[in-house]
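Across the two complexes that follow, chain A remains constant while its partner is chain B and subsequently chain C.
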Partner chain A sequence: MNTIPVSQQRTLNISVLRHNPADPDSEPHMQTFQVEDADAMTLFVALNLIREEQDPSLHFDFVCRAGICGSCGMIINGRPGLACRTLTRDLPDDITLAPLPGFELIADLSVNTGKWMRGMAERLETWVHAQGLEQIDLSAIEAPMEPELAQQLYELERCIECGCCIAACGTAQMREDFVGAVGLNQVTRFRLDPRDERTDAQFYELVGDDTGVFGCMTLLGCQDMCPKDLPLATQIAFLRRRMVAV
Partner chain B sequence: MPVSATFQRTRPGHTSMQIIYTDVLVIGGGLAGQRAAIGARRRGNEVIILSLVPAKRSHSAAAQGGMQASLGNCLGGAGDNEDLHFADTVRGSDWGADQEVVRMFAHTAPKAIRELAAWGVPWSRVQRGDHEISEDGKKKTITESDAAHGLITSRNFGGTAKWRACYVSDGTGHAMLYAMSNQAIAAGIPVHERTEAIALIHEGERCCGAIVRNLVSGELIAYMARATCIASGGFGRIYRVSTNAVINEGMGAAIALETGLATLGNMEAVQFHPTGIFPAGILVTEGCRGDGGLLLDGSGHRFMPDYEPEKRELASRDVVSRRMEEHITAGHGAQSRFGEHLWLDIRLLGADHINGQLREVKEICQYFLGIDPAHELIPVRPAQHYSMGGVRTDARGQSPQLKGLFAVGEAACWDMHGFNRLGGNSVAETVVAGMIVGDTIADFCASAEGQLQLSTSLAGDFMRRESDKLKAIAQNGGGESAVELTRQMQETMTSNVGIFRHGEKLERAVSALQDLQQRAAHVGLRNANRGPNPELVAAYRLPRMLKLALCVAQGALLRTESRGAHFRDDYPQRNDLQWMKRTLASWPGDHDQLPTFDYEPLDILGMELPPGWRGYGARDYIDHPDTAIREQQIKHLLAAAGELDRHQRQNLLMPFMHLLPPLFQGRNQRLENSE
Partner chain C sequence: MPQKLNRWPARMDLLQSGTGLLLVMFIWGHMFFESSILLGHEAMYWVTRMFEGEHLFGRPYPLLVSAAAAIVLLLIALHALLALRKFPANYRQYQRMNTHMAAMRHMDTTLWYVQVITGFLLFFLASAHLLVVLVQPDNIGPYASSDRIWSGRFWILYASLLLVVHVHAGIGIYRLAMKWGPFSAASSGLWRGRIRLALYCIVAFYLCLGTASLITYMRIGAEHAPYAGERYVPTHASGAH
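Our next item is the complex of A and B:
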């Protein structure tokens, strides 16, 4: 971080991979925009400036612009990351931006992570499975949980489904049906949760093959690129050991 | 049970209008919308959620510090109950809230926490034994009991008598939204992502759905529904400096306003959060101060105790924000090249606490400021944060003017926040109101008035109207830029309709906004791309945002008093004599230049807690004669009734249980009364 000297006057050359699939005449191409760098400028600020002042058709996704919603994953100089919290001062003069691979392209830097994540959630059933969830006695004192366990669950739940782990994953680039680190992490999260009544045999049905935990090649890209620093590779290794035991 | 009516068809030969039919249409996929959808779905209705973004990316995820509910498990929460939560919320609102609604809310909040616990939210739990905490700048040791071990814990927040904010580290909203979304997926509720409702369909005073634009393909689809629920969040983006996500442009409230029938309540009540990081305006949670963090000025002096000896950094947000700006104006700000600010100091909490309980704050400081808050000060200044106003509803969430239209969460003026909301009460409102309104919608759909003769010609009329409007924008060819006009609107609001308001500044703001409204008619597009077209989106949202901005600015100009977050330099006192009333704004004529205002009285004689001093902030206010009468009434009622427990006492003063769905009427159990 912060190893590049700050030069107030520098001009950034931001090259964006452009393509609008809705336009039959659109061909994928790189387009370079010049932007004057500024203090504390993020890629969120730079891309909005480009859209406001240079090209109103430029497409990208931001929601929270604070690194918590996972909307703005993109390839930044070859590495997946969250654009909103990437400061331009940490980047060289030439910046290349491309959409995350592994997802349906909407246009330019916008990809359909929402559809992918919903499909993953439906397939892995990423919710607490328990009898009588619709008849809970809401007046009664809640069931206790060890504080440490609650903390562990939260650690795994910090995932923001940004898709960076999918973009960084060798297997996901080769097979579309791989559930990826994002999916496997959620399985470990529900497996750890005593409120979920599913057994290992049931989890095996969900992830016990090459589209699940046995598809991972242990290249560790997911963990290296996770913006939330989740221990993804560790979780996958752990889950694989449990699934082998089924 | 209502018959499922969801199917989709394109009518051949009948142009290419696409109509989707459903029982319930929910506009907005955050916590409030999803919980209402789940409630309606559970009772057998077909439900569709529309969302600008994937539901898990909704702004609900940004709630960091906690959700208020009086569980009373941990030591700091011991003795807490609905009565205290009610009183704190009413005082926080500066007596602007609907007290019956506050009662419904305070009663249901513990149930909402417990439901979410069963659904998988990993609420932080009480750890038995000794803990070192920071309070009022000093270290102190507290001991949690064995009995409470493992139950849901809570932290201190501003304006509350007890530690009441239940939390999941400082990712509370994220954890809640994921559990909620996963339950909605489990219930099979479809979320139509990247869609925007651009008009409500209504036949006279009956709402029947919405015209919806697909933000990817640009096509328009009519959604016809027996019940329509607006859950699209707040409108913070009419301001330049806001903690809100970029999608919080208030379009749900705006399309309700554009029916000319539905009213928006208390739009001038806008909250500014004390600790937006400077200058980006990104939120750092009130939990920082709740956990013992301090506010320092440019010379490192802790100034809040000078102004607010009772609650110090933990007075309500409106009070703390005003004191901060007052202190900066008095010349005590810290200087930076972006302007003046103050400091938030959480160094005293220690690295362990910050890494465990304030992780998101740590990440935000690291990525956006390049600092470690365990060792360095965080530059902060108040930023627009929350819209207390919104679509006015009755106590069960329905618009009094448009049958079949419901609103919930920040988009609504239900009205439990009045003129200032307490920290942790909004994320609580989303879920609580979602529970209550979801059930109400199901009741409505099951009733005779919930039936609907669906008319495709009605849908066609609205479809043509909206399609013509969009074509006119695309072909306008005018010289104005939507981006530039939006920027000017935001600047106007931040400069002239901010924390300190004044008649002259507000008049300037109204006239500037009207000028922008005129210029907005001449916005031209530079790009006519098919498919996703962000420029077109900005162009059609601009006039709607300007209408909301005018409701805020003109409403603020007309309200010649100071109440909660609405502060007038020229009328610095709360004036109960003239202003015990809720502002209602409507926009009856398409070509009107200003909203039409009406006022709904707040009846002091029906209040459980008559107006008084809040316990912090200004002590002088202009009394209403009814206040003394009501105080006497309450005294006599209680004296005549003899020995009462707190539930009987409450019921005597202001019964509210009949307003709640039977599902949520049960008495909340707590540690203290379970033994």
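Our next item is the complex of A and C:
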């Protein structure tokens, strides 16, 4: 008699919202694929299996497979997340995948987050502003920074611009011009950076309205769905207090 | 030179939070005063007279109660006006929010929607309650209030107002704490859990307190129904004077 428990192999039903706006004949529809589950399988692996073995026309993005590039953000059973960081064992047998809402659809699960992020970065001017940057001697040793502050900046720099916070934000879903947690987090990052010479009044001009920090309704979806566990709610609260004090 | 900053978005955000905070403080205090009926007719009568300024001026001025009601009504109007900016503004926004909320199954997103709905209901429920206080400030007391609640069937208004206002206030304070609270990144999650737990308890407490006092008013009102309209005469007044 064999009493050793054997893990049951299960079949995953992965339904994907398919549509290709570039194809005039394409109609948005759900397509279901069957995939045999495996130990430590991520959704990213499952999608690659589907593309290799079942349907080479399936569109989805990935680069790093390790939660660093932010390309594989998608809606997994209703909630945003990274496919490469989502283990199939944490999901039920039926999995529904959809592209991140709020971004331009390229096709199927692939969205143009880069275009959105660039627009946001240009609008919020998310780079160091300082006088005489052109004359800086790049070979000279930089002025030292307190380790705590450097650590804090590094923490905020961990944002990979995957777009999950935008897809998780009710405000951003209702109001397309809202810069979202990703934008507000970056403004906070430069507000903390001593190399950036901008004043609070200058930051206020960038985020001091309902498309910026005062548009946030504190639904906290960004904080709860961030794949990098960034302290987004804390940062937005900090920025809100600073901007009110201007 | 940079152009002059438009500080109104900041002011409006602060005002919305500020008026909300004041209104919650008011309603939480109000609950203790109205539930003085649980301590007996005499206690509630004393509280009524206190708000009419009798202990300060020697005789009651019900107009003081009207003035307080007018201030609260103004605060509500201001809070509502500012909060309206955040309501979904058209069908498309409603549709997006509904789809988003249903898909996300996320507590705080759903709570926000509960606040939109309770806030909308409060436009009517709170106004109806305040209007009565505003125009009939002298019609408050152990029997006057009980008669209104039972014989005047106002318990229907107060029962719904009780639930709606405390749910709205509890969620509102939680959101205010998360919106402005200077928590460190490391302790934010801990505080969020603590505040949420505290507010569950506070809301449950006020709902119990409010229900107990409403039932007491209804019981007194039912017993007093044959004499509806007669006012309460304090025992010390009938005996000593």
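As a working rule, the second predicted complex is superposed on the first by the 237 of 246 C-alpha atoms of A that agree within 3 Å, B and C clash if a C-alpha of one lies under 4 Å from a C-alpha of the other, contacts with A are read in each partner's own complex, and residues count from 1 in each chain.
In the analysis below, a residue touches a chain if its C-beta (ideal position, glycine included) is under 8 Å from a C-beta of that chain, and two chains touch if they have at least 3 such contacts.
Just so it is clear, the structure is predicted and the values come from calculations on it, not from any experiment.
J.: Which term applies to chain B and chain C once both are placed on chain A by superposition, clash or fit?
T.: Pair status: fit.
J.: Put chain A at the vertex: what angle do the Cα centres of chain B and chain C make there, to the nearest 10 degrees?
T.: With chain A as the vertex, chain B and chain C sit 160 degrees apart.
J.: Which partner, chain B or chain C, touches the larger number of chain A residues?
T.: Looking at chain B versus chain C, the one contacting more residues of chain A is B.
J.: If you stack the two complexes on chain A, which partner ends up touching A:G67: first (chain B), second (chain C), both, or neither?
T.: first
J.: Name the contact category of A:T88: first (chain B only), second (chain C only), both, or neither.
T.: neither
J.: After superposition on the shared chain, which partner residues are touched by A:V244: those of chain B (first), chain C (second), both, or neither?
T.: In the superposition, A:V244 contacts chain C only.
J.: Once the shared chain is lined up, is A:N185 touching chain B (first), chain C (second), both, or neither of them?
T.: In the superposition, A:N185 touches no partner, neither chain B nor chain C.
J.: Can you work out, in whole Å, how close the C-alpha atoms of chain B and chain C get once everything is superposed?
T.: 12
J.: Which positions of chain B touch chain A when the two form their complex?
T.: Listed in rising order, the residues are 42, 53-59, 61-62, 111, 113-115, 117-120, 122-127, 149-153, 168-169, 171, 174-175, 178-179, 181-183, 185-186, 191, 193-194, 216-218, 245-247, 279-280, 282-283, 337-338, 356, 359-360, 363-364, 367-368, 370, 483, 525-527, 529-535, 664, 666-671, 674.
J.: For the complex, give me every residue of chain C touching chain A.
T.: Where chain C meets chain A, its residues are 2, 5-7, 9-10, 12-14, 85-86, 88, 93, 96-97, 100-106, 108-109, 112, 175, 178-185, 188, 192.
J.: Hey, which residues of chain A end up touching chain C in the complex?
T.: 75, 78-79, 101, 155, 168, 170, 173-175, 201-202, 204-205, 208-210, 214, 216-221, 224-225, 231, 233-235, 237-238, 240-241, 243-244, 246
J.: Over in the complex, which chain A residues touch chain B? Could you list them?
T.: The touching residues are 1-2, 20-23, 39-40, 42, 51-52, 55-59, 61-71, 85, 87, 106-107, 110, 113-115, 117-118, 121-122, 125-128, 130, 133-134, 136-147, 150-151, 153-154, 157-158, 160-161, 190, 193, 195-196.
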